[in-house]
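In the two assemblies presented below, chain A is common to both, partnered first by chain B and then by chain C.
Entry: the complex of A and B
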């Protein structure tokens, strides 16, 4: 399987980001109740969706790693989770700004999705400490995969539990895209595509960097250099 | 096993199956691997025996829970609590006390070669998971036998007697979940450099849904004005969560035991 070249992927990402940002600012109508602030929805929600998908895909790669014992699957799992962690910080920050703008507080406990997201982030924040506290590379990959599978299954369970616990005090603003007016839905869709492409591109860059580093280490070992 | 391990009695040892003596060696040991149930009983017996002789976990957990109640009394500056507040204090104390047991669960096996001994035996590795989870469940039950009456005595406003029958279901479901997740996390964390730190950090987010379920289910029981039974919705959520994480622990535990 030939990998899409990094250059093509980067160009596609930049184009998609430009298109989606222009749609957000020049095409999508201003929402009646929240006004301009609602535009953060086109950044926050796609980021959150992509982050959670990244966590779950990281778990699926971990299953593939445990089944095949191919270290490349572990590398993919690591990169997906690592990138999702970075995106997750952006989700928490944008969510916090949105909450401050519409409800007047930087943090609201009555918004179940945001609270679940925080718990998931707190769990995944221990992924790297766990991983790098194990010296043996083979066991490190195996234990990290076990964690990634457990945590990947925790993501939907946690959302279920927290959603059940929340009393719906605040009306859910545009919780699902099904009841969006057409221009908003189109913009939202374009934003999801752009953010997903950004995620994929960054993952591809990190994977390429990691592969190169592994290759370099192997070569220098053959040539007898001290690493 | 390096821990004190009395020789197997006639009932549980590998010599108990006379029908298998076609494969028996002169020494009496059989080639066929022992059945999982027997391994399970032997492992569980060893766990409980070790705990009875060393008393490493249960007294510490119980004392910790009671001390936490005292800390809550001063931190909240209240003589009695009720309702959601009472449920929260009870479950936070039980959870943190359980963390002590979880942290110690595999330490002896990792440090003194118990894992190596177990891996050399031709037995199903899942037996270790189930035995450890059952042992942890037993610790939690003893902990609650001490901590729940102490909570009724020290902090709870409404009488404990009326809440106790309804409290059994959330306690049991919570214990099963803590035992399943705790055993998995303990096995995951025990062979890392910073296990004392990683264990609680890994376990607490995974246990948040259990706290949500148990605290919400027990809150109406502790109501000062109009006590009611635990809401079934929360018991159902807890049971589902226990089931899912029990299955996950069962599925991935083998991979933690390969070297």
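Entry: the complex of A and C
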């Protein structure tokens, strides 16, 4: 475990989160239409962006694993997807809370953005059961990598398809004709940085923990053979 | 839980929803950190057991150093040598409750 970099990452994450929260509640102006409820935007949207990026990065790591046969890439792919799943659950819950406050419903099936995200989450929810149903570690890693690549390719296609379609309720913030005012844009950027740092830090800890566990198991086995 | 929040938080329901969203998010993060802390405790206990076994049994210094490398206070952890790297290949990421016994693994 590289302790200094984990510590630095943790401190940077905590600072970024503090700055982001301060900007959200003390700097960003209250939005005219939704009022205070709009503050959820600074949590929900960065979480969604980071989650989807995490899935794609997991796919890229899987490509590297298939090319190099290096187990470390497979481990990274697993950790990124695992962490994105956790963040994705947070996206769904915060999104439902925002939907309830904004539209009066916890979930709207006619909204393509919501449903497409749910489909992506359900797809990746099969990743772990698929993976751990295979006993042989090499086959497990190979099949998991193929799944991660296919699903990772599906994420941007799904995103584009939804963006091209009409959105009935889900507000379009990025790339829309009505740009965010500067204070809101700065707060949004700070929130994305904070959530991305949090994602990276948690992934770093998870990777370090898994590497340690793998090494521990290997050395237990060596010790077992020795005695 | 949202109803509870709505009754205990400020009058405007939007404040309750915002608070609920942020609380849910930080709760998820805290739960994850707590799970990691528990796993870390388990790993540390395992390291102590292995260290004890290493000192008891007749293991050459190189092997003992390898186990000592799992000690977090060691500033210069050695990388696994070739033999140990091969030993790593047989260990699935999510697999096995007991060492050396390969089974359809539970998530780590």
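Here is the rule we go by: the second predicted complex is superposed on the first by the 200 of 227 C-alpha atoms of A that agree within 3 Å, B and C clash if a C-alpha of one lies under 4 Å from a C-alpha of the other, contacts with A are read in each partner's own complex, and residues count from 1 in each chain.
FYI, a contact is a pair of C-beta atoms (placed from the backbone, for glycine too) under 8 Å apart; a residue touches a chain by one contact, two chains touch by 3 or more.
Source: prediction; values computed, not measured.
After superposition on chain A, the partners chain B and chain C are seen to fit next to each other with no clash. When both complexes are overlaid on chain A, the residue A:145 reaches chain B alone and has no touch with chain C. Within the superposed three-chain model, A:133 lies in touch with chain B and with chain C [touch as defined at top]. Once the two structures are superposed, chain B and chain C can be ranked by residues of chain A touched, with C on top.
In the superposition on chain A, contact of A:66 is made with chain B only, not with chain C. Looking at the shared chain after the overlay, A:123 reaches chain B, while chain C stays out of its contact range. In the superposition on chain A, contact of A:31 is made with neither chain B nor chain C.
In the superposition on chain A, contact of A:93 is made with chain C only, not with chain B. Once the two complexes are laid on top of each other via chain A, the angle at chain A between chain B and chain C, using C-alpha centres, comes to 110°, given in steps of 10. The overlay of the two complexes leaves chain B and chain C separated by a minimum Cα distance of 9 Å.
Comparing the two complexes, residues 133-135, 138 of chain A contact chain B in one case and chain C in the other.
Of all the residues in chain A, the ones that touch chain C in their complex are 1, 3, 34-37, 39-40, 43-44, 47, 71, 74-75, 78, 82, 86, 89-90, 93-94, 97-98, 100-101, 128, 131-135, 137-138, 140-141, 198, 202, 205-206, 209-210, 212-224, 226-227. Within the complex, the chain A residues that touch chain B are 66, 119-120, 122-123, 126, 129-130, 133-136, 138-139, 142-143, 145-147, 149-150, 153-154, 157-158, 160-162, 164-165. Those residues of chain C that touch chain A in the complex are listed here as 2, 12-15, 17-18, 20-22, 24-25, 28-29, 32, 36, 39-40, 43, 46-47, 50, 53-54, 57, 59, 63, 66-67, 70, 72, 77, 80, 83-84, 87-96, 99-100, 102-108.
Listing the residues of chain B that touch chain A in their complex gives 184, 188-189, 191-195, 197-198, 201-202, 204-206, 208-209, 212-213, 216, 233-234, 237, 241, 244-245, 248-249, 251-252, 255-256, 258-259.
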